[in-house]
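Here chain A shows up in two complexes: once beside chain B, once beside chain C.
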Partner chain A sequence: MTAAVPVIRQTAALAWRSIVTTIRLPQAWFPALFFPLVLMAIFTASFGGAPGTIPGFPPVRSFLDFAVSGAIIQGVLIGGTSAGAAFATDIEGGFFDRLVASPTSRTSILTGRLGASIALGVGQALLFISVAAIFGARVDGGVLGIFIVVVIASLFAAAVGGLGIFLALRTGSGEAVQGMFPLFFALLFFSSAFFPLDTMVGWYHDVAALNPITYLVESMRREIIGGATIWTALTGIGIALGLALITVGASALALRRRLRVAA
Partner chain B sequence: MMKGLAVSLGLAGRNLLLVRRVPSVFIPSLIMPLFILIATSGAFHGIGSLPEFAGASYLAFTIPMAATMGAGFAGINSGMTVARDLEGGFFDRLQSSPAPRVALIMGPMFAALVRSIFTTTIVFIAGLIGGVWLPGLLPLLLIYGFALLFGACASCWAIGVALRARTVQAAPIMQLVVFLSVFMSVAYVPASALHGWLGNVAGLNPVTYILTASRSAELTGSIIWSETWPGLVAGFALLILLGVFALAPLRHLENR
Partner chain C sequence: MSDQAVETRDLVREYKGGVKAVDGVSLTVESGGIFGFLGPNGAGKSTMVRMLTTLLRPTSGTAIVAGHDVMKEPDVVRRRIGVALQDAAIDPYMTGRELLRLQGVLHGMKRADCRARADVLLGRVDLEDAADRRVGTYSGGMRRRLDLALSLVHEPVVLFLDEPTTGLDPVSRVTLWDEVRRLNVEHGTTVFLTTQYLEEADQLADRVAIIDGGLIVADGTPKALKARIGYPLLSVVAADGSTPDDVARVLSGFGEMVPGARDGGAAVRLPGGSTAMADAVRALDDAGVRFAEIDLAEPTLDDVFLASTGRHLAGSDDASV
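And then the complex of A and B:
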């Protein structure tokens, strides 16, 4: 217990530093908020005629309700990429080496950065739901539904943050981490983030059906548009948790390897 | 005049050489139009069953947008090259040479146009693989022409930003405006299917008329003048406006 207290304190301090750094750099937070909101607005205005008209489109009050969960996942992906790039900048700029040379716990180096990613993910989920609500969207699942959406967003933020940290530790280059963004963007498009899976055809449908992002988005979407069950909620939470365990585990191994090489 | 053209072509050749020498910068912009074509036509395939599409293939509907976006990427890259040259001092050396000033803009723009032809061809080949036949020679040339027109506009915009900012860090501004100009038009659905604010914005957006004209050629396989001339007027008006935007800082740079 006594050993855990400094780790928690250091984690909180490093997470706070990451959050403040992100806030101070508009290029770090602006794309993660601006692009999902703009695309949500453009898609809603472009595809507003789809619900109730297109075969395979789920029953929704409006396309905006349908679009919210995709915007959250998109924001988390962009935010996680920026967080990974910021960690790489810490490595490039020598802050990481100074941390390692100090009596800071190794665990808190990871958990601090992950804490900031999770905080950003929670903030994005709440902001996007609020903005959509201003324009008429409703969360069918109520407060519990919002809570489940936020939980999935935070776990997915941990997963993307873990991947960003892993890439930063392996490459030590912010540019290389940012270079992963097109891949994330592709993952998003090859899923049901922006349009229903049942309206896709052929190989594109098959790829989207294999993409875990499809199930994350669908799980969140059910809480918003209706039709959620314990099973849909657990599916989303389980997939996000599984992805987080894999990427955070990989980043912990990458940290150990980097420290061993440095020693 | 001939000297200016020769310098412009020389600079264009140098820019195109950079495609081979710095592939990490340029390859994404060559792949992106292909990605946009596949991702848009795949993800939003279902929207093609709206009555406003009148049974048209959504892949065919997307081809002009992907070609336009590819040309836009080529234009953005010409601005990034100018910004990099400004940071590295190459632009200053060019300015101290007897090369006509306008060639400093025309060179990178010519390179963008050549790359636009390349990306548009890639988009058409991908369309053929997806089962969309070419629309006929004249409509095909018209689609290439509109892609080149938009590529030139994007190039003028990006070079204008580069000459003002003098740093490659201004790239997000170059990209953002080009992206939004395409997305806030009839990129995904026809004008009649747009809802709310986007219908008004798209009506004021010149890219809407460029895309509508290009799409008309692709989908009908013929040139419908009533849909083509608004695209030509909007495109050339935008080019003149952005050409002035790109040329204006040159005089200022000479006094630095």
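And then the complex of A and C:
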């Protein structure tokens, strides 16, 4: 048996366990689906007239088309927070110790949880696109556009998952990870997730212009509302990948540190 | 196979701030037995177990578990040991069967083997009926039994149980004891068990070490430890016109008197145990001494604990750090 096989099987088994426990715990998945959809609906109803009337608003068929990518990013952020909290609960509750005291590869402890985050992120992206489509939204980029949106969503899910795992490993407390949630939410509002960058003014505009989430959302949004190029797609994928590498790398270091210092 | 399940030399674990939870423990646990590691809360039991199960790096010293060094070959050790840690909150949203199969995969077992092994273990810990229920619906005793089963998936050579019955009701406790005994006798698994219950160590363990303040203060078979305390204590209460002095005069021929051990009577350390007790009763009768109460008390592990640490074990939390 090669060394890679157990790691893949362990990763799959642990990802499966994370997904199953998420699905069986409504508190874990409901907010990640409900809030983005509700906000998408409220904003669409409130600002349905914005496209074409507000200066700076990009040309778009409807506000709904505009809102989908923000919902995806929001859903992935909430989902990642839950994943981080669940990982912290594993540490608090002893599941983590059981893994560490068994020959489970240290890699799959991370990749299992990340795999679940990615799978759930893909599911969210597809669900939000589908729900929006029922209400008349369309993806300008077609199948390829959807594919690119899903790729960005999955990489961003890995990035948020990595951040959640990092925080869980450093704090060891589900409540502490959950407590980061308002901060993530602020990060979302200081971006173009809900409104275009060009309608913002003053320092708020400047902050949003520095926020990487702005560029993630813009990249996905182009695929949906039109105007995408290979460069807008690569920008989104690149930023999501970069964020994922940073947070997953940090979580890998945090795991090593926790195992070395070990309490 | 090595004949020592656990062998530590000068094992130390120092936490931040210089607190030594384990302060130079040298311990040898032979293969095949049930070893009871007894001590109050905060004595260093769990720290010791965490080091032996590769969860915690010793500050200094060595530990060989199941024939391998926990620092140099942690992965080999992990494949050979089973671990059920204190208060392990088992995933409440998974079923017992799912968790057992998952544990099998994590140990690198084939899918079919995982299924078969899960079925066998569910039967063994009597959880067949609850196998497909979520663990959240289990009672405390059922969770501990599942925890035990989880630690046995890969047929470990040495099993570590950290306070396996803390918080359990007496019936569940006895059920778990039976299972641990069966495991030891039928499967030859060496069991390293920590407990703060004297009775548990007494009932289960064929060897006991007492840890207090990070140091081993007593180590031996329960019988030998108790024998070290001394002989059983025979106490007799005088009645019907006989005086404590009358009783004392007769008993003094049987061993060392313990003054003040019994109000209204007398007490003696009886080297002959229960056989000598019959002789003592006959002697009292022959001397015409009348008595109301008579009892023979074996030394307990609590006496051992008291003699080793100067404190009673029961309810003593003052040693916690």
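Here, the second predicted complex is superposed on the first by the 261 of 263 C-alpha atoms of A that agree within 3 Å, B and C clash if a C-alpha of one lies under 4 Å from a C-alpha of the other, contacts with A are read in each partner's own complex, and residues count from 1 in each chain.
As a working rule, contacts are C-beta pairs under 8 Å (C-beta built on N, C-alpha and C of every residue); 3 or more make two chains touch, one makes a residue touch a chain.
Everything quoted here is computed from the prediction, not taken from an experiment.
Visitor: Quick check on the superposition: with chain A as the shared anchor, is it clash or fit for chain B versus chain C?
Guide: fit
Visitor: Looking at A:L245 after the superposition, I want to know if it touches chain B, chain C, both of them or none. Which is it: first, second, both, neither?
Guide: So A:L245 meets neither chain B nor chain C here.
Visitor: In the combined three-chain arrangement, what's the angle at chain A toward chain B and chain C (CA centres, steps of 10°)?
Guide: Apex at chain A; the opening toward chain B and chain C is 90 degrees.
Visitor: Is A:G94 touching the first partner chain B, the second partner chain C, both, or neither of them?
Guide: second
Visitor: Between chain B (first) and chain C (second), which does A:V201 come into contact with in this model arrangement: first, second, both, or neither?
Guide: First partner only, chain B.
Visitor: Between chain B and chain C, whom does A:L187 touch in the aligned arrangement: first, second, both, or neither?
Guide: The answer is neither, since A:L187 touches no partner chain.
Visitor: Of the two partner chains, chain B (first) and chain C (second), which one does A:R24 touch, if any: first, second, both, or neither?
Guide: second
Visitor: For A:V122, using the defined touch cut-off, is the partner it touches chain B, chain C, both, or neither? Pick first, second, both or neither.
Guide: neither
Visitor: Look across chain B and chain C in the superposition and give the shortest C-alpha distance you find, in Å.
Guide: 17
Visitor: Using the touch definition up top, name the residues of chain C that touch chain A in the complex.
Guide: Chain C residues touching chain A: 50, 53-57, 75, 78-79, 81, 83, 85, 87-91, 93-94, 98, 102-103, 105-108, 134, 150, 154.
Visitor: Report the residues of chain B in contact with chain A in the complex, numbered from low to high.
Guide: Within the complex, chain B touches chain A at residues 24, 28, 32, 35, 38-40, 42-47, 49-52, 172, 180, 183-184, 187-189, 193-199.
Visitor: Could you list, by residue number, the parts of chain A that touch chain B in their complex?
Guide: 27, 31, 38-39, 41-50, 53-57, 179, 182, 186, 189-190, 194-196, 199-201, 204, 208
Visitor: Quick one: which bits of chain A touch chain C in the complex? Just the residue numbers, please.
Guide: 1, 6, 9-10, 13-14, 17, 20-21, 24-25, 92-95, 97-104, 260-263
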